[in-house]
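Note that the chains are named A, B, C and D in the order they appear, and that numbering of residues resets to 1 at the start of each chain.
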């Protein structure tokens, strides 16, 4: 459960709006069912009181919105950043994608976000309400007479299960206490796949990627994908396609997309969160991160502003591509 | 019974300054390498975008090899250093997706290494031939 | 009314698949359900609905239209159409069954789309009544009764049996082939289930959502509503809503050069995409607000204007569940329509 | 099955002649492989032309329906398909399907009326079909005024035809203008909307407008200033299209599909559409 409350955030925002530090607030807007949260710009404290939420379903990473919002907004924008969001924030700054002066970043602690599909897997469709009590969710549904209690840890979003850091790497102001970089098991699944035979890996990815409907949500939600004009939208690129016609096109899109963000991906996990087909896209990104760490030394994109991404850098003593496989024996 | 000997189609991206000249030298010296190696000249090995490699597979290549100047000898100073990193990452990713790792290779061939060029191509073609046709990165529409 | 006891349902599937390919919702490894072909041992998913709608069967994600061979200055057109075989889509929910009517009005109106018509002619739709709608369901807003689904055959699943009723000639013909497995029965169990479902429908959170503020002729009134700015402000411009939607029918026609010829195919397209209307001389919908507005205006105003008031939404709730930022038609209807649904 | 009619499947057309009109506009003459006109059409209707592997695009048919031998398309080089067409030579095959859209109401509404054609740049292309149709049935219509402007003299489309044929017809007045003065031009200089205002037409006319959106906007304002009613003014729209039959959704504006319900609209009908075209 989140340690910081909605009321604390509203209070902070109201204070900053009132003293003129910021002109608007980029926050989470309430939805219909308590778990469907929409990124929303709030202009006044009153708007926040009626429409702002902060709950265990506020997973959306706001960093990417800053690219567009800072261009449109007069004055500073207040943005609430969870630890993982701050990495994307820094990475975008490194790439000069928005004006730091136009943002007032408030770091907020995060205890991990819940995944509604995991909750529904336990208690089915027809959710009437979800309330957090301590480390438990109390869920009422249309079909159960008694509320169902679910351990929060059992329905933690995949990316939060393997949270890489509770430390904020960028903020103007921090609410609550800062955490530490965690020793996560985020590469375990990649390693598990690596240990498979090529046939098994192929079968795994064929099954996963064949579900892709090319809605582009992974790209459009990705804080590293901020090209004004994506190669996949350019009719002259020859790869502009709306839906994958076959397994080749599914692979082409996902390999190229992962490659384009390789070394810049902060592993925020938005791609997998937004995928309507639940394809574990983050594993492709993590494979690149794991490889880069192993080949060229540990590197965390977004950990600091201005660092040079590994794939736009080199040393004369780099590993040869052929050695990549020999190394494994 | 007639046995159709399978010959793999190989696309070799060769840098203009070293490897393409190396291929030339191999030819001048009458060193044999498979005729199914199709050479595409690029200004620098670093010009090869991952999309080129996937496109080659899409259009029927069974193996793709990139040849460039030896590290340190790049005509543009550092192009091949970038190639080295990019392709290490990309090939590892292709392997991660279950695409046979022997189908991709990076080799440094200087203008003086005609023999190395021929030997590399022979070896690569042999390895790819052993794998057979590319089935995992194929676009069925192009096979019609 | 006919029935088949649930322990014989695999026999029923086997019998259907003797005469036609049978597709039904099956559980995927990812937790979502999707349509798959039945073969021995394949179980019918218990999920409320599939992630992707069954519009795929008639309007596939990608579909070859024709092929070309070119030589010098000449072109040869190759008609690649072929007669398709009969197939059965089993377990379609009431909302998705209704979506076929909406697609029919587009693809079967003159000039008829022969690709769609062919599949429609050969497809037999077996629907399944809902008993446990989700909180995201709002089919009743569009006058759909999830307990009485349409289709060629309607079915109701109870604790021990599947009840079947044919609604069309196609459906009757199929049921006749299944004679041995089915037995005549009364409507009582089905009626009881319908009543139970009707009571649940009254408890759904979106039950009061209505379409009073929408429909043909409201273009000027709704188009300039200032709320579009706010609603569209965080839209990512992805195509998730469009592609999971059972009624979205926009498509693109593209050519693919295979190296030996050209295949002209069509694929789903989305009005949410930035280049949807981009032309050589500019784009008539420059910002995401305009593209966002187009999608909802089309569903709620333009389509009904051209189709006797029928809305191009069936309330299946897929976009509610899948939008990355949880912006959806319900929020649009409540905001633009000034209808808070309370 | 293979006999079933499918609107998306085109016919083969042959380019029999390519005429260079202006530096960026060429006129293509198209017939079917057996040398006939591909299909009958009415003035203002369009056809889908395509080159396999390049793409398909909608073009207005420039030639008059009274021409029963072939069709002509005046095409400006501005995208993939048009660029490809511009390098095509006579004998090149393309694909063609149509006709699409509603024509100008030449046989009912326009009959007996004085007509005022106003075109800018390549906007003359769709009007040429109507103008030549009206000239062919000259006795059915009253006076014809044609206002046509382009960037320079070299950019005037069908200049030869305008000077030699249109201007020579009885009761047809041609008013040409170019945007900037140039040495070999002794005609009017200035933008079309202003020229229309200067010419100050009577309102006993039906006006037909086609050109870039900005020209249409200001010319329409000018006409209204002269006392014209919106019901007297017709124009033709252009949006991106793919299917041509009102299904693919691309040219949807309001409840209308430009390919099916247009491209010809009366200006008061346009007013009812959202401003998205």
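Assorted remarks:
The rule is simple: a residue touches a chain if its C-beta (ideal position, glycine included) is under 8 Å from a C-beta of that chain, and two chains touch if they have at least 3 such contacts.
Since the model is a prediction, treat every value here as computed from it, not as a measurement.
Taking the mean of each chain's C-alpha atoms, the chain whose centre lies closest to the overall C-alpha mean is C.
Ranked by separation of Cα centres from chain B, the top chain is D.
Chain D has its Cα centroid 51 Å from the Cα centroid of chain A. Rounded to a whole number, the gap between the C-alpha centres of chain C and chain D is 39 angstrom.
The geometric centre of chain A is 37 Å away from that of chain B, both derived from CA atoms. The set of chain C residues touching two or more other chains comprises 252, 254, 256, 269.
Annotation for chain B: residues touching 2 or more other chains are 141.
Under the contact definition stated at the top, the residues of chain A that touch 2 or more other chains are 235, 245. Of all residues in chain A, those touching chain B in their complex are 190, 193-194, 198-206, 231, 238-239, 245-246, 248-249, 251-252, 255-256, 258-259, 262, 284, 287-288, 291-292, 295-296, 310-316, 318-322, 324-325. Those residues of chain C lying in contact with chain D across their complex are 65-66, 68, 70, 73-77, 79, 81-83, 106-107, 111, 113-115, 118, 216, 219-220, 223, 249-255, 257, 262, 264, 266, 269, 271, 276-281, 284-285, 290, 294, 297-298, 301-302, 305-306.
Touching chain A in their complex are the following residues of chain B: 50-51, 54-55, 57-58, 71-72, 78, 81-82, 84-101, 105-106, 136-141. Touching chain A in their complex are the following residues of chain C: 28-32, 34, 48, 51-52, 61-62, 132-136, 200, 203-206, 230, 233-234, 236-240, 242-244, 252, 254, 256, 265, 267-270, 273-275, 320, 322, 324-328, 330-331. By the touch criterion given at the top, residues 256, 258-261, 263 of chain C touch chain B in their complex.
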